[in-house]
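Heads up, the next two complexes both have chain A, just with different partners, chain B and then chain C.
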Partner chain A sequence: MSQQRIDCMYEACPIPLLKALKKLKTMKVGEVLIMETDHSCSITNVVEWAKKQGHEVDYVEISDGEWEIYIEKKQ
Partner chain B sequence: MRLWKGLIKKPWPYLVGGIILAVLNIILFSVSGKPWRITTGFLYWGMGIIEKLGFDNTNWYYFSVYGNQLNEGETFFNNQYTILGLSVIAGALIAALLASEFKWKIIKNRRQLFFGLVGGLIMGYGSRLSFGCNIGSYFSAIPSFSLHGWVYGIFMFLGAWVGCKLLFKFLL
Partner chain C sequence: MASSKIQELKKQRQLSNKRKKNQVIYGVVCIFIVVLIYLFLLKNNFIYSFIWKIGLLIGFTLQKSRFCFTASFRDPIMVGSTSILKAIIIAFIISTIGFAFIQYISTGGNFNIRIEDIPGQIDPVGVHTILGAILFGVGMVIAGGCASGTLMRIGEGFILQMVVLCGFIIGTLLGGNHFEFWDKLLIRNSPTIYIPHYIGFPLSVFLQIVVLIALYYVADWYDKKNNIMMTM
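Up next is the complex of A and B:
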């Protein structure tokens, strides 16, 4: 299973979500997108949005105020 | 303990935040006679700096209309919006520290700096034409039964939509 990474550090809404949207369009079903972000809103709005799109999604706080969001493209 | 952790660590639902903000704004309005505004406070700070440089800007037409004038006894630095603006920063800092999410942010690259500055200028200018930002001119205007809040709301959503399209096409 291949994965792709996007760097959304130091970026605020709506850039992380739009970057994820753009990247997911180029990916195949089953691939995993890993987003690095330090914007706390992203763990709400990106996660909610990805769920609504029907993707598998989870996130982990990798360090204080930094997260990795994992999105598995489902469709 | 677990409840406390959930309270300070997890983002609160939008509905809860909305209700708290609404109640606080009503209290602020009834106590001070002016609802919450953000960018007007920034304007006053800028004007305060210009005043310190020796310009006589208190007589500008802008400060005689649409409630833009300062209250009796207030100055460009010493006014209600200075306290509110600083309190937002202090409150956000406390929340970030409680959640152990505090982090120094840096400017990512020149591109971000450039578009940030251009965007800031456009927003600052726009906020003066529209009587405020999304707080003063939307969040505080609609509950005050002012029509301009609704007009602002419609164009805010249109602007956000167009902005996202442009961002998506040309900047990402």
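Up next is the complex of A and C:
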């Protein structure tokens, strides 16, 4: 199972989404992208966008105010 | 439901979680300070105590809903998603109805009085409106938040927005200082337009709601049409 990780700590909206977008383009279908972020808005932002694109997506709070978002590329 | 791969990663991650700090004590201290300020204001200035209460409620709602005025105008263009924009349009419909009541009651149904006496932000409209809107729009997208969003995120602990707040304060001070210049140059010569003076109060409220509902459907259609990322 291959996965890629990007660090979006301390980045404000919309940078995390743009970073995820660029990374996803280079990835193969079935790979999982892990994003680390501490920006609560990018959760709504990224999760909604990824769902709309048809990717599998979920997130978990790893520490106080820090989250990991998982996106599995589907297409 | 997320796929099995994601479930597994999530489970792994939750097992290796750092222990979270207990924040209950900070919360109690904060509530205590908030109540103290409220009691102080209640004793000295009733209107401020009321504003304090409303401000707290708005801040709470903003944080919990992760509402973002910047995203509402940026996302339609950047990723073709209008869910927050639709929320804003609904908020506009609600406030239109609310302000219709407020203005109707405070003027007693007689709208031929001076515009300054009507409650609400009815200001001159002109080139300065466009200029200000463009400046504000560019600024908020670069900074990652408008005024309320910036303040909410500082409260949340997002440190980057502190820099934005500094810029925000400098800008406000400069703007306040130079307001007279702009007032003389543009604002004073621009007309103040209050639509009910031209087509009557009931019709203008009705029209505004109809236009907002139409905009809602346009936003909804745009969202569905832009299902695939268009830019880049």
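Keep in mind that, in the parts below, the second predicted complex is superposed on the first by the 75 of 75 C-alpha atoms of A that agree within 3 Å, B and C clash if a C-alpha of one lies under 4 Å from a C-alpha of the other, contacts with A are read in each partner's own complex, and residues count from 1 in each chain.
What we mean here is this: a contact is a pair of C-beta atoms (placed from the backbone, for glycine too) under 8 Å apart; a residue touches a chain by one contact, two chains touch by 3 or more.
Computed from a predicted structure; not experimentally measured.
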item: Fit or clash between chain C and chain B when superposed on chain A; value: clash
item: Which of chain B and chain C A:K19 touches, first, second, both or neither; value: first
item: Chain B versus chain C as contact partner of A:D38, first or second or both or neither; value: both
item: Which of chain B and chain C A:Q3 touches, first, second, both or neither; value: second
item: First, second, both or neither for A:E72, with chain B first and chain C second; value: second
item: Chain B versus chain C, judged by how many residues of chain A each one touches; value: C
item: Touching partner for A:D64 - first (chain B), second (chain C), both, neither; value: both
item: Which superposed partner A:Q53 touches (first chain B, second chain C, both, neither); value: second
item: Chain A residues contacted in one complex by chain B, in the other by chain C; value: 10-11, 14-15, 21-22, 38, 40-41, 43-44, 64-65
item: Touching residues (chain side chain B, partner chain A) in the complex; value: 11, 96, 99-103, 105-108, 112, 164, 167-168, 172
item: Residues on chain A engaged by chain B in the complex (per definition of touch); value: 9-11, 14-15, 18-19, 21-22, 38, 40-41, 43-44, 64-66
item: Of all residues in chain A, those that touch chain C in their complex; value: 1, 3, 10-15, 17, 21-22, 30, 32, 34, 38-41, 43-45, 48-49, 52-53, 56-58, 60, 62-65, 68, 70, 72
item: For the chain C and chain A complex, residues of the former touching the latter; value: 2-3, 5-7, 9-10, 13-14, 17-18, 20-21, 23, 63, 66, 68, 70-71, 74-75, 78-79, 81, 83, 141, 143-145, 149, 153, 156-161, 227-229, 232
